[in-house]
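Which chain is which? They are A, B, C, D, E, F, G, H, I, J, K and L, in the order written, and residues in each are numbered from 1.
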């Protein structure tokens, strides 16, 4: 009866903000995984072009609930 | 004469952004603590509903100055 | 022929957002360093005034490519 | 309307088990704090007497919800 | 001929003990993954209700051997 | 009967030494908290003025025993 | 349009060198995963027999690009 | 007159519980070392057989007092 | 108008104390860098000769303000 | 008279080995910095192409002695 | 009946490679310790002379089985 | 011909200063171990009595050279 969760690591990118990169990661994960429950930001990086942020690159651990059979 | 600070840990939440979650934490803390001085983000997490971010949950350490008696 | 990168640590500040603080750091660094390539956020802090965020202070490691002579 | 949590650090002890030390910490905290919500084990130590465990000493971070006024 | 292992992260829960939460995670993982070999506890958390532990929540990294084709 | 401890984080400052900053933190904490038992240094920082140390700033975790009612 | 990456953790082994263990892990992963992009070494261990290294065991996080549908 | 302690790292195993693995480590250490004083858990791992925990493997740092000559 | 800081890593040494090693590092840095603002101790090591401390070796991260052009 | 060292962070790359990447970083650094003294590996990463290691990318902290004027 | 292991920390050096430094550490340890079982690399450093690696210096934790009496 | 070092962990105490606690640890270690070479501070703690520091307790890793037979 006890809940069990699996945790997967996903990296989202965005040209505009950290939140947008997080949302991109979660929306992509939700296409193949069900019952997404929580996330934790584990790394915030980015790439630079011409002295400006080209895009943010945010690594998340995403937890999702195992379905009970 | 030397300053002494106390550090407390607060978790703020927001449906829209990391900054909003930080501000919510600080505004709540400022209702009961005086002389808030600095903060440090120690964890950025969040919850997911329907494949989207339900809310951000940001943990801060907040430093405040001891009042001199 | 192999690429070599140098990594420098810069702290940007902004009154409005974490992303703005990151961009300020990168734009300042790009005035004196060429070939900026990537960054990693290593610390997110800030200062508080009157129970509100006075400014965000974000520490970055910024990587840049050594020029080939 | 957003929830805000405070996090406090408590160390519980027990002569018999890690779980008992956790429960002792939480029960003691619940006498003075309301709305305890979650905990995280941050350190598991103990003392030794006569070549045996004298008692376990477990440090927890305990999160509790700020009451809405 | 060399062995290769994959590592997955699973969170088990239990109302009674840390060991029970670990076992629940491993038994659930063993339903879909073969050749489970080792685990490492990476986080021990829990939830609180009425001033008592409601359930333990233990995160494991679980290693399993790639089958040789 | 089991002992329970609470842990608080305090930052002391001193113009002369790290030990002085630690003692300032502990003496200030002892004015409002009873049964102080141990400390751990978690960060040693400082500020600079005119190419010299202006003051040391040492963060401590301080453990104190809950009184038995 | 933004890229999203998934990160998986793999452990490779080799009797001869750390690089060989890394390559074994990557070649095995590439049989079932497409678009492998980068890796990071997260742990270097090994086993000993008769006072000599029996084999190296290197844990990698491997990032791979989600295919755009 | 000041006390000095030495710290040694020991790994205990048990088929039944984390506490049993800790006690096994301490009892074995106490056969060759005198004046054992405290321990800290630094890693909790285990091995799996047939989809169940085969045994727990808990790494401790154990402190013991140098005898005064 | 926003302040930007650069962070450099310096190791000072002293035969007599940790504070002296910190001061040596800062005084040397101040000869070539302007606007030194803060430091953080990141490592405290030393060398031993004849069973005594030969010298302390303290690593600092030192922050200094970018001059506004 | 006390020695002071500066620490810089450099990333070397190599298609063949970790040691080669380290040597490339050090040889490049030695073209512009004098009195290089020690290094520490702080990150070992790499890029993958066609299911094989394209190149290793090793981050070093390199310490060098300040010249006495 | 349960196995107990002891863990010791050894630093090996080599002028040619990281693997050679590891092997030197293990072979030296095996002269005085029996039943060496596993190792983990905890630090990879080195010294530089004339703009080249003088030698690698690799720190290992080495686990060995307590003999059953 | 290559040097090999062993690393041991010692905790020194002192009523007066951190440096004194370090020296006490090293002097005690030098009575039973030869060729002590370097140390690294890994933890600085202490005990409190009557609102004042009772004694400092500093944990060191101490490296010493294996004698060549």
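The rule is simple: contacts are C-beta pairs under 8 Å (C-beta built on N, C-alpha and C of every residue); 3 or more make two chains touch, one makes a residue touch a chain.
A quick note: this is a predicted structure, and the numbers were derived from the prediction, not measured.
Graph distance from chain F to chain L, where chains that touch are one step apart, equals 1.
Looking at the partners of chain D and chain H together, the chains they share are E. Here the chain-to-chain distance from chain I to chain L, counted in touching steps, is 1.
Between G-J and B-D, more C-beta contact pairs are found at G-J.
Annotation: 21 Å between the Cα-based centres of chain D and chain F.
Centre-to-centre separation between chain E and chain J, using Cα means, comes to 38 Å. Residue positions 8, 18 of chain J are each in touch with at least two other chains.
Inter-chain contacts, as defined above, occur between A-B, A-C, A-E, A-G, B-C, B-D, B-F, C-I, C-J, D-E, D-F, D-H, E-G, E-H, F-I, F-L, G-J, G-K, H-K, H-L, I-J, I-L, J-K, K-L. Here chain B touches chain C in the complex through residues 18-19, 22-23, 26-27, 30-31, 36-41, 62, going by the rule given at the top.
Against chain A, in their complex, chain E makes its touches with residues 8-15, 21, 24-25, 28-29, 31, 55, 59. Chain H meets chain E in the complex at residues 16-18, 43-48, 51-53, 56. Those residues of chain B whose C-beta lies close enough to touch chain F in the complex are 2-8, 61, 63, 66.
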